[in-house]
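Here come two complexes built around subunit A, the first alongside subunit B, the second alongside subunit C.
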Partner chain A sequence: MTFLRLLFRNRLAGLGAVILGIIIILVTITPLLPLPDPNATATANRFLRPFSEGHLLGTDHLGRDILARLLYGTRISLAIGLVSAFFAALFGSAIGIIAGYFGGRIDNVIMRLIDMLMAFPYILLALAIVAALGPGLMNALIAVAAVNVPFFARNIRGITVSLAGREFIDAARLAGLGHTRIILSELLPNVLPVIVIGISTTVGWMILETAGLSFLGLGSQPPNADLGSMLGEARAALITAPHTSIIPGIMIFLIVMSINLLGDGVRDALDPRLKSGALTRPRATTRVDRKGPVPQADQKGLLNIQSLETQFHVGPRIYRAVNEVSLHVSAGECLGIIGESGSGKSVTALSVMGLVASPPGVITGGAVRYDGEDLLDASYERLRQKRGNNVAYIFQDPLATLHPLYKIGDQLVEAIQSHNNTSTKEARTKALELLKSVRIPNAPERLDNYPHEMSGGMRQRVGIAMALANDPEVIIADEPTTALDVTVQAQILTLLDDLRRERGLAIIFITHDFGVVAQLCDRVAVMYAGRIVEEGQTKAVLDAPAHPYTKRLIACVPELGGGRRELAAIPGLPPVVDRLPEGCAFAARCDKAQDACHRGYIPLNGHAPRAVRCLFPEEVV
Partner chain B sequence: MGSYILKRLISAVPVLFGITVIVFLIMSMIPGDPATAILGSYATPENVEKLNRDLGLDKPLVQRYFIWLENMLTGDFGRSFSLNRPVLDEILERFSATLVLAGTSFVLCAILGILAGAISAARQYGLADKLITLVVLIGISIPSFFLGMMMILIFAVKLKWLPVSGMYAIYGGGDLPDLINHLIMPASALAAVATGVVARMSRSAMLEVLRQDYIRTARAKGVRERRVLMGHALRAAMVSIIPVLGIQAGFVLSGAVYIEMVFQWPGVGRMLVDAILKRDLLLVQGGVVFVAACYVLFNIAVDVAQSLLDPRIKT
Partner chain C sequence: MPALKFTNLSKTFPRAKPLFGKARAGVRAVRPMSLTVETGETLGIVGESGCGKSTLARMLVGLLEPSSGQIEIAGKALDTADPAAFGRLIQYVFQDPISSLNPRKTIRQIMETPLKQLHGMDRAERSARIGKIFASVNLRKEFLDRYPHEFSGGQAQRIGIARALAAHPKIMVLDEPVSALDVSIQAQVLNLLADLKSKFDLTYLFISHDLAVVEAVSNRVIVLYFGAVVEIGKAEDIFNSPKHPYTQLLADSAPVVGRPLKAPEQKDSELPDPLNPPKGCAFAGRCIYASDLCRSTEPELRVMGENQLAACHHPI
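What follows is the complex of A and B.
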């Protein structure tokens, strides 16, 4: 039912269904309609124009009624298309199921054969078959069905292979069922929907192909005519009596278009990715739609995030990923943002330069000030000039974040040239220096490597080099070491720390690991369900965590050598941010929670830089 | 790279071999006696027997296949009885005409299709996207032979901008401008469907790529949006577009048969249809094998292009 609703929500698919429905009704009742005999010739009435007396659509070169021929022809075309689709699906699926179910040598031989059939441009095969069997409607049907067998065989084999390895097939085998039983009662019901979809996407083609063969004079033979041969016969009179060509042509067009529309609708309705709108293109910058007043500028830090609110609007749902987050970082300082996945830390970081995918992301409030200037208010070009030049990013997984098809040297050169008018030669020299500065061995050769040719640690060094390309003032590192193993992780952290001291970089470091925070950060902010729940100097927070959540998070870090402390996972899951509970978002998982924790708004309290969002903090701040 | 091409060529040998077997088997499905089919039912038994001997039809199936294969490998595709000339000569002459038509269409569909798809993705749900989607929908639904006929009606008969049919003007002409003049309509009619399919695939490939992390990286670097779209995104999308181009080449080649009929283009497709109607089976057999073999080789070229584009493919 939801499927049908989705199908008809798509207006074009609905249009297709209506057109196809009308055509099908017309051809079903054709024998009941008061139509002249489609094959009755009347040479005196040749080439009558449409709307002539007694001939609504005129007559053809033999004086036959075009309307009657059109409807009977459509009957034949539709029937032939459906029948050939049916047989192609029947034989193709049988072959595919046998190949996929038995596997091994049988599969190998069959699929080789299918590959060879697919090596032909389809019409050559069809022509060869018609050449052998002779022209005729039945032979055209056989040819078109045969040509489409490989398509079904290959698709159904793929599905069958994945099903054949599943438990229920094994269970059926163990139960002693024969191959035929298993195929018919276990496999077929699961494969059937795929076959039906296959038919719905190919039947349009098959109608077109049989019409094509008839058009060439190889399909239906006179006096009977399908749409293709009507068009083929009318071709001789194209210039003198164009309506004899146009009418059957438009009918083929309508049939194929309505089937295509319907097929697209079916596919869209079945593809869950399209439902959630995930296939929409992210814009160049995040959409900014601030509801409240823009916060006044204050003189905190080089990069100053003020009451930032970023949401994801998916259908009727609103996910509050970032909720009134205020953070700032000064030159030479390292600020850590810590939290579980989904706590909004990455979205906070990406909001700074408008890199949150939009749609569905929308920045709905607050301000992001770089050196006093509100970036949320900046034009795209202004923001672009700042991206990478003033504020640069290092991302988590460098295999996914570096372009797989560009050499890393070229990616570095591009980063440099996006902000400077340097020659490629100069930029390449700079790129080489950058690779050296992040301590990549054999830097000159590395320039010509592709990302997949490097190790994870080396790739992340490239990611850092790229962030440094334009000597930015601020670096936002979004879990840069999460995808790396521990020794490499330590090297990368040392590298970042050195760079900060040498260049006076301001770093925002996002992580879920308190061990990393302890090693690198001056200050830390703890995020939970889109809000900051605690902040302060790293040492102060680590020594005396005030929020129960922070305390639990610190308890998650294993301690080397000691082992006296119990390593505890936090029970439960963070709340979904489209249905945030009233009061404290952590209350449901907190063992100290009381009634008051579930009510009202709980503010962030304390004396800067220390603050906590808790009614019953572990420590007074 | 050289070794990769060689490897692909070697792997094509069994496919080419298989093609000849399939064509041969289909052709031997002919009901009744081929010689009678060729000569008609009034032929004398002596003539039928003689033709059977000439065609080698008195020998067993397997032996006949290998004789045919051996002859083909030495360049002897047999003699067309309806045209009374060597099959290979006719095929080569006709195929070059098809190559001009299909090649032009292929280039058209690749360039226009990718461009339309990229623009469509870049302006998703914008006016350009909706317009392109509509045109693409019409393009992939209209039979190419009908489109060709309508083009003749409009551009040749009504507007008199372009010649109705043929490859060259009968009097004068024969030069490149004349050829282009004759080529415009058939090439665009033939390209329409393929362009639509390529545009669709390019659009969804682009949309898929635009969600990838490396696109965000490019934006984070401050790369200009035009370059993000037409450089980073399109380059990555090409990896999934190129195989589609390979498949579409087959469809263009297939569609050429119809278009050659509509525009009286002296190509191999029209040759095949004529040969079928005249039951000139050697010509059909040779033509099908030749064109299929060319298509196999073309697909190897597509694979090579793909490996040049994507360094991750092991060569």
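What follows is the complex of A and C.
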């Protein structure tokens, strides 16, 4: 039912469904309607105009009733289109799945054959098939289906290749399934939506192709009518009796248009990416819609986040990703934000420069001050000047943030030139310096590498070089070493630490790893369910955690040198941020929780820089 | 009788033959290695990306045909890579819990497959066994009729473990089973694995890049580098008193609370190129102790100290 609701949210798809529905109802009840015999000729009455007595749409060159021929012809055209689409999908998908699943030589041979089929213009191919088999509706059907097999084969092969590499296929093999069963029970259900989408967007095209063959006299044979042959026969009288060609023409137009509109709707409703609103273009900056008063500026740090609130509005649901988060960082300082997935640490970081995708993201409160200026108030142009130039980001996966089709030198040059009016030559010199400053060996050669030619550690160095391109004062690093090996991680962390000391960079370092925080950060804030639950000097927080969550989270992490042991675990799951409980979000998992923890608002208390959001903290702060 | 024994197991991935010229040497993902895993043991396998640990694991469960060598599970030699033959004896738990579950099947359908295909159980037997396994991994029975996307990572990983258990294997290969999970969930899953091991008399091969986790769960640890075993030792010894400089490097690189930040090696060092492997010891290019001997002769695994083996000419 959600499918139908999604489908009809698209008005044009609804219109297509209504038109197609009327046509299908009409042709289904055609034999019951009081119509004259569509093949009964009456040459005396030829070329009667529409609305003549007894012939609502007039008659054709043999005096046959056009309405009757139109409805019977539509029946045939629709049936042929649907049947050929079905067979094209059946054979094409089977070929595609087999080629994609088995890969290697089988794939190669099959796909080269398909390529050869595709190299012929489709109408030539169809003509050749009909010429070989002889004219007739059945043969036209075969020709149209055959011509469309490559479309399905290629599409489905692509999908299958990506699915066949997924782990659940390996799991199915280990569960004892053979190839046939894997194809039928594991792959097919996942490919089916794509096949349906393929059919819905090609049926209209196949009806047109059938009509085309009939128009040339190779499809339906006289005296039977389909829409194409009606057009073909009326061609000679186009000037004298235009209605004989216009009427079937309009019918073809209506059918194909309605099927295509409906098909687009079906595709949008079935495609999970489009379902989640990926079609709506995100705005250039996050929408800011502050409900309460803007916090007064306080002279804390270079970058000062004050009571930030960011939410995601998805339909009727509101996800409170970031609630009342206040953080600041000064030049040369490193602030760590630690938290699990869904704790709001990344959204906090992205909110700073208005990078949260909007819709659905909305900043609903607080202020982000850079050197005293409120960035949430800033225009897009102003924000764009500051992005990269004053505040730069380093992300977790450099393979995803570097453009795969450009050499890294060119990407660095572009980053430099977007803020500085320098010549390409100067920018290239600067790019080379940057690569050297992040200690990439053979920097001059590396400038001409593509991202995929580098190892993960080297790519992350390029990511850091990009962030440094315009000498920013603040760097926000979102789990920059999570995807890297430990030995490489150690190299990247020392690099960041050196850069901070050499250049006086302020770093906000987001991670889930206490070891990393302990080694790199001066201060740390712990986030849980969108709020800061504890903050302070790193050593103070790690040595004597005050919030039960921090304490137990630290206990969960095994430390090297501890030997074989039972690990402490926190039972339960973090709350979902669209249904945050009242009181403390951790209370449900906390063994110290009392009634008071489930009620009201719990403030962040303590003497700066130390603070904890707990009624019964482990330590007094 | 050892639970698992493999001798001279290796995998070389062939490279496409160029149109002109002679065929090139393949990429040696796993160099010939031999090992015995005792029943009831947890063997930790550590190493960085590209060291061959996943290739090794995929050969051991029959998903990948070895280029050479024999695999023996519970005294039974398994010659051909047939996941169905391996599946009754050895099962695999995948790193990414969500992607290892078919998005279009209910959990019940996923759980039933191995019972039906590997053990030919009828409906009543299957239902009883699934109920028992679900209880032992702390999952509620009503989850059975849901689809994978409705679960959190930790729950999905329990389901993955339950599916592996359903096949009633003797050995489980755990390929980074907790690295996709949050810290607070990791410990839940690791403790569950420990319970299951004693309950079902399992033997574990635990693959991870996280040394602390491996140390916490394993009896014995092997360290892989560039497709070869460089060190084998007891979990409590191997990181405290490593013999191979690479193990030392790994242990020193792990970020630990209370240890100052320093990169324990040259900042520009890189892994050797698998398409153009170095002669001699693969680690020599990154090693501070490397001598001419290391650059010319590949070291063999030798016994060093108590129950510890290392492949090094100049052990620490």
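One rule holds for everything that comes next: the second predicted complex is superposed on the first by the 444 of 621 C-alpha atoms of A that agree within 3 Å, B and C clash if a C-alpha of one lies under 4 Å from a C-alpha of the other, contacts with A are read in each partner's own complex, and residues count from 1 in each chain.
Going forward, a residue touches a chain if its C-beta (ideal position, glycine included) is under 8 Å from a C-beta of that chain, and two chains touch if they have at least 3 such contacts.
Because the structure is a prediction, the values reported are computed rather than measured.
Asks: For A:Arg166 in the superposed arrangement: first (subunit B), second (subunit C), both or neither?
Replies: Only subunit C; A:Arg166 stays clear of subunit B.
Asks: With the two complexes superposed on chain A, say which partner A:Val516 touches: subunit B (first), subunit C (second), both, or neither.
Replies: A:Val516 sits against subunit C, while subunit B stays out of touch.
Asks: For A:Leu553, using the defined touch cut-off, is the partner it touches subunit B, subunit C, both, or neither? Pick first, second, both or neither.
Replies: Second partner only.
Asks: What is the contact status of A:Thr494 with respect to subunit B (first) and subunit C (second): first, second, both, or neither?
Replies: After superposing on A, A:Thr494 lies in contact with subunit C but is clear of subunit B.
Asks: Based on the superposed arrangement, let me know which partner A:Tyr393 touches: subunit B (first), subunit C (second), both, or neither?
Replies: First partner only.
Asks: Identify the partner contact of A:His452: answer first if only subunit B is touched, second if only subunit C is, both if each is, neither if none is.
Replies: first
Asks: With the two structures laid over each other on chain A, which partner does A:Val130 touch: subunit B (first), subunit C (second), both, or neither?
Replies: first
Asks: Thinking of the overlay built on chain A, is A:Arg235 touched by subunit B (first), by subunit C (second), by both, or by neither?
Replies: Only subunit B is touched by A:Arg235; subunit C is not.
Asks: From the superposed pair, tell me which subunit A residues show up as contacts to subunit B and also as contacts to subunit C.
Replies: In the superposed arrangement, which is not itself an observed complex, subunit A uses no residue for both subunit B and subunit C.
Asks: Which of the residues in subunit B end up touching subunit A in this complex?
Replies: 14-15, 18-19, 22-23, 26-31, 121-122, 124-125, 137-138, 140-143, 145-146, 149-150, 152-153, 157, 204, 206-208, 210-225, 228, 232, 235-236, 239, 250-251, 253-255, 257-258, 261-262, 269, 272-273, 275-277, 281, 284-285, 288, 291-292, 295-296, 299, 309-312
Asks: Once bound in the complex, which stretches of subunit A touch subunit C?
Replies: 166-168, 170-178, 181, 185-186, 189-190, 340-341, 439-441, 455-458, 485-491, 493-495, 497, 512-516, 518-520, 542, 552-553, 556-571, 573-574
Asks: With touch defined as at the start, can you tell me which subunit C residues reach subunit A in the complex?
Replies: 48-49, 58, 61-63, 83-84, 86-87, 91-92, 94-96, 99-105, 113-114, 117-118, 152-154, 160, 163-164, 167, 182-188, 190-191, 194, 209, 211-213, 215-219, 235-236, 239-240, 249-265, 267-268, 270-271
Asks: Which residues, counting only subunit A, touch subunit B once they are in their complex?
Replies: Touch list, subunit A to subunit B: 112-113, 115-117, 119-125, 127-135, 204, 208, 211-212, 215-218, 231, 235, 238-239, 242, 245-246, 249, 252-253, 256-257, 260-261, 278-282, 284, 350, 353, 355, 357, 380, 384-389, 392-393, 395, 397, 400-406, 414-415, 418-419, 450, 452-453, 466, 469-470.
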